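Two complexes follow with subunit A in common, the first pairing it with subunit B and the second with subunit C.
Then we have the complex of A and B:
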């Protein structure tokens, strides 16, 4: 049994950074809100950055299983670790002005973001159901608190109550499913479960219900239909940087776990789950795209759009191939850049105008041309138009499904992409064509403006020069051995 | 003997659990829950899981029920009048019964496939070794989860206080 704790150094640094942020907050005088905000956010960014650098420099060639497969420290988890740390830094940076204006408790706020990143990292590493479960809980608990943190209006209270209650129920369902799987198989380690399943003949009811419940629990975190109902309300009510965190970090972590779980456990029994998952993928895309049409609040619209995006991701998981997995990872990276860029613009608008309806974007091309351009780029990327990340990654996703003759699923995916183009274009039209009376320039805060530029550059980089990203995802998927062997 | 005890404890647990969902008075609900939890602890004893039974009684039967009762005492009951007037209970009942039927059917139908062990007691020493050696990682993660929950409880509780203290007349 390998219990070499030096493998977990990045995780220890991350946890330590969380405590350090709390300590810095404690040491500074309470009255100096502004200084506390600046110092704690700087500490958080530093801690996240050090974690990312240490992981990327020391674990490039590691392929170890820790404690007989409780955790896997390999290229796959490294890719996600770096991605999550990046998301964490972006969210902390986009929070600085927001926290100063709208929230108290900066120390706790940034520390919880770090703990959320830690939970997500452990999810991507877990190779065992109980470890995965407790990691999901770490991520979820941090998010529950973060959603409820802002100085409350009724929407925030509703969002946080809904999130906690539904999250607790989905957790209970998942835990029950895990207990059933353990009852039948006598193990919760992915690799051992995979071996048992491949050898098993027909599935009995306990096995099926156990899997359905575990996938339902994960589906809730992913906001996969029919477990998506919470997403719009929570997205709307949460502080906007936390909405961005939920849309990127928690989704990417759930995908990381789902992908490893299905590859290691389900690969030998793909005929059992391919069709149900394909139908859910189609339902998720259709529901997400159609419900986005009548939305007037930009955060609700992005919530439905993120539901549809999860449907696209599932299109790459259903084929059960390493090509599909590759496309999924690439899409997750591109989607993180794109969504964070869009949310950065939304935050700037919200801070300057105090609202976040689509009508508030009217005339933005005159008031802040750069912001309008970045928002347009992000929306086009979400819709899947060329030169942006979304086009390339969606193309890979759809090809991987065609390879396994799932043409009908691709037809649904393309159709919903076209529908989604309509509601993304609506915002673009608002920004460029609708006339407004107020044409005064909007001042763009330096830090947020810079962040928007960086994320926008990332969106385009994935779209036109994907080589370095593809190298990383290629190396990552080699650890999904059952799929590589196919 | 074991079988008779099983039916007594199982029946007690079931009746108490039904009481939790059917009673209109939320305090009675909490007390019914206590009985159900104790019944489950008894079932654990029958399975030679003494440690689990002890934990079940201490944590669920003791701590959790007391926290629920405290929460009920400290919040004004009028806030919850809406919660008991749910008109959609027939739908909830149908869905719950269907799920129960499905899971019970699965458990009974597939009982032959379950891993069966020779039931015997596990010493607390072995449990401790398992928890702190083989399962040290999830155990450590759980401690951070608790820390996050603690931070959350304090921060959210305190922010209500700063905004004029409407909610804490207890």
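Then we have the complex of A and C:
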């Protein structure tokens, strides 16, 4: 049994950074809001960056299972670790001005972001259901608090209540599912479960219901139909940087866990779950894109569009192949860049105008041409147009599905893409074509502006020079052993 | 291959992108600098396009030439592969000519010309990329890249029109155009993924896939039949195929001059090119099954477009519908599946691209001076716009197929091909040409001749920029009309290779 705790150094650094942020907050005088905000955010960025660098430099060739498969420290978890740390840094940076203006507890805020990143990282590493469950809870609890952290807004109160209640129910269901699976198989380790399932014949009811309940729990985190209802309200009510965190970090972590779970546990019994999951994927795409059409609030619109995006991701998960998993990971990377870029622009607009409806984007091409360009790029990327990440990753996802006689799913995916273009182009139209009386220039805060540029560049980089990203995803998915035999 | 030959095709893609990137960093008020950077880049593109065309070895050279390939995404079998055959080479030349003229005319844009040129160059990069791509992924990549900027180009810089019974706001034209073409392009997306899976060669490269087309057990008749129909509709929408042509007149009416030039001049040709490239080359049996339908639709296009043009009295609507009509000859030529017909179709794409661009140059000039395009109001402009009239008349005569101009050669070849295969439809096609003569001559008569209204007394002739742009377009129109050999001998080997693949 491998109990080498040095494997977990990045996680220890991350946890330490979280507490350090709280300590820094404690040591600075209460009344110096601005200084506390600056110091805690800087500490958080530093902690996240150190974690990322340490992980990337020391674990490049690691392929270990910790405590017989409780956690896997391998290229797969490394990719997600680096991605999550990157998302964490971006979210902290986009929060600085937001916190200064709208919130009062910078220490707790940044520390909770770090703990959320830690939870997400552990989800990507989990090789066992209870560990996975605890990691999900760590991520979820951090998010529950973060969503409700800016008090006094009715929308926030609603969002946070809804999120906690539905989240609690979904985790309870998942836990019940885990107990059923344990009852049938006598183990919760993915590798052992995979072996048992491959040998098993027809599934009995307990097994099926256990599986369904675990997937329902993950489906909630993913906002996969029919577990997506919470997303629009929570997206709208949460502080915008936290919305970005939910849209990217929480989704990507759930995808990481789901992909490893299905590959390790489900590969031997693909025929049992492929069709149901394909149907859910189609439903998610259709519901997400149709519901986005009438939205007037940009955050709600991005919520529905992210539901549709999860449907696209599932198109790559359903085939259960190396190519499909590659496509999923590449899409997650491109989607993180794209969505964070879009949210950065939304935050700037919200800070400058105090509102975030689509109509507030009117005339943005005059008032802040660079922001309009970056937002257009992000929206076109979400719509799947070249030269942005979304074009390649969608193409990749859909191509991966066609091999496994899932042509109908590809057709649904392609059709929903047209619908999605329509509502993305509405925002572009507001920014560029709608005439406004107020054409005064919007000042763009330096830090947020720089962040937007970096994320925009990332969106284009994935779209036109994917080689380094693909090398990383390919190294990551090949460690998921069952595929090597397929 | 020497250095220039190795790199010319990729430069045709990189240069417009580079120009767009440079323009991003030029300060907005520097309008003159922006103009000169753009016109300079466009002329460099023209020179390189001519070079690529001349470097094409028509006499016993390989089928795809000036090839260049870079690995891009090996796990899926995507490579950034370029090469041109006898069909693509004239299209590259056409793009160079029309882009240069378009960029020069676009210098008239006053408002935010920086953004305008950035989008225009992205569009041009997309068009070049589609014509030279030998990899289906990049074919589709550039195809979409060429369409998307259109929305903003028309939506921002276009013009809204009020007619007696209906309004056409520019957003309407822009959205209709982009949504219809993108929706159709998703059919192409499905076709490309389908062909990739069916070929099972693990590659998107056209040459590799072509080798699989006749392999036993692959590309079954049903598969080809379904896929070809999707290809035909998918590309047909962009090429203005009836009954999916409706975006074309509305889009052209809303679009600013240089966008109309590029759109009718080269973008619509991507549709015809796509049917040849994917439909004929990769789905030969599907082509044979659906040839008659394509032939019939092509004939309808010719007649329907011409009759609609007859009923219009807005200059841009007339030209818009005449484009629909002329693209019909391209469909007819393709559907003949004969050497002479397909050569005619390719030449028609070239000739029509240039003559429409010329039409729009003059129409745009008239609109900027008179702020109307209504032929019931415009009259007697010839005495004030001597050069404008001359250029418009040349374009009109080319359009109605006067011998000595490029349009005649192209239409003649299409008709010869058509009469050999489907004489009745061919005869209807000729009828379309006769209607064209009616509406073009009537248009010229009304707008330029007759008694001049007083309000047009202060109209000025074409500016030197417009004159240069029109000259760039007129020269090839005459050259090809009088001496089409340079173009024909390049097109011929490409066409013959495709027909050999059809087993015809």
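Heads up, the rule we're going with is that the second predicted complex is superposed on the first by the 486 of 486 C-alpha atoms of A that agree within 3 Å, B and C clash if a C-alpha of one lies under 4 Å from a C-alpha of the other, contacts with A are read in each partner's own complex, and residues count from 1 in each chain.
The definition used in the following text is that a residue touches a chain if its C-beta (ideal position, glycine included) is under 8 Å from a C-beta of that chain, and two chains touch if they have at least 3 such contacts.
Since we're looking at a predicted model, the values are computed, not measured.
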| item | value |
| --- | --- |
| First (subunit B), second (subunit C), both or neither touched by A:209 | first |
| Partner chain in contact with A:291 - subunit B first, subunit C second, else both or neither | neither |
| First (subunit B), second (subunit C), both or neither touched by A:118 | first |
| Contacts of A:407 with subunit B and subunit C, given as first, second, both or neither | second |
| Touched partner set for A:138, first subunit B, second subunit C, both or neither | first |
| Which superposed partner A:248 touches (first subunit B, second subunit C, both, neither) | neither |
| Partner chain(s) touched by A:105 [first = subunit B, second = subunit C, both, neither] | first |
| Which of subunit B and subunit C A:77 touches, first, second, both or neither | neither |
| Of all residues in subunit A, those that touch subunit B in their complex | 1, 3, 15, 22, 66-68, 70-71, 104-105, 108, 111-112, 115, 118-119, 122, 130-131, 134-135, 137-138, 141-142, 144-145, 148-149, 151-152, 183-186, 204-209 |
| Touch list for subunit B against partner subunit A, complex | 102-103, 105-107, 109-110, 113-115, 133-138, 141-142, 144-145, 147-149, 151-152, 155-156, 159, 162-163 |
| Subunit A residues touching subunit C - in the complex, by the definition given at the top | 323, 326, 365, 369, 373, 380, 385-387, 391-392, 395-396, 398-399, 402-403, 407, 410-411, 414-415, 417-418, 421-422, 425, 428-429, 432-433, 466-467, 470, 474 |
| In the complex with subunit A, residue positions of subunit C that touch it | 24, 28, 72-73, 75-76, 115, 126, 137, 140-142, 144-145, 148, 151-152, 155-156, 170-171, 174-175, 178-179, 182-183, 186, 189-190, 193-194, 196-197 |
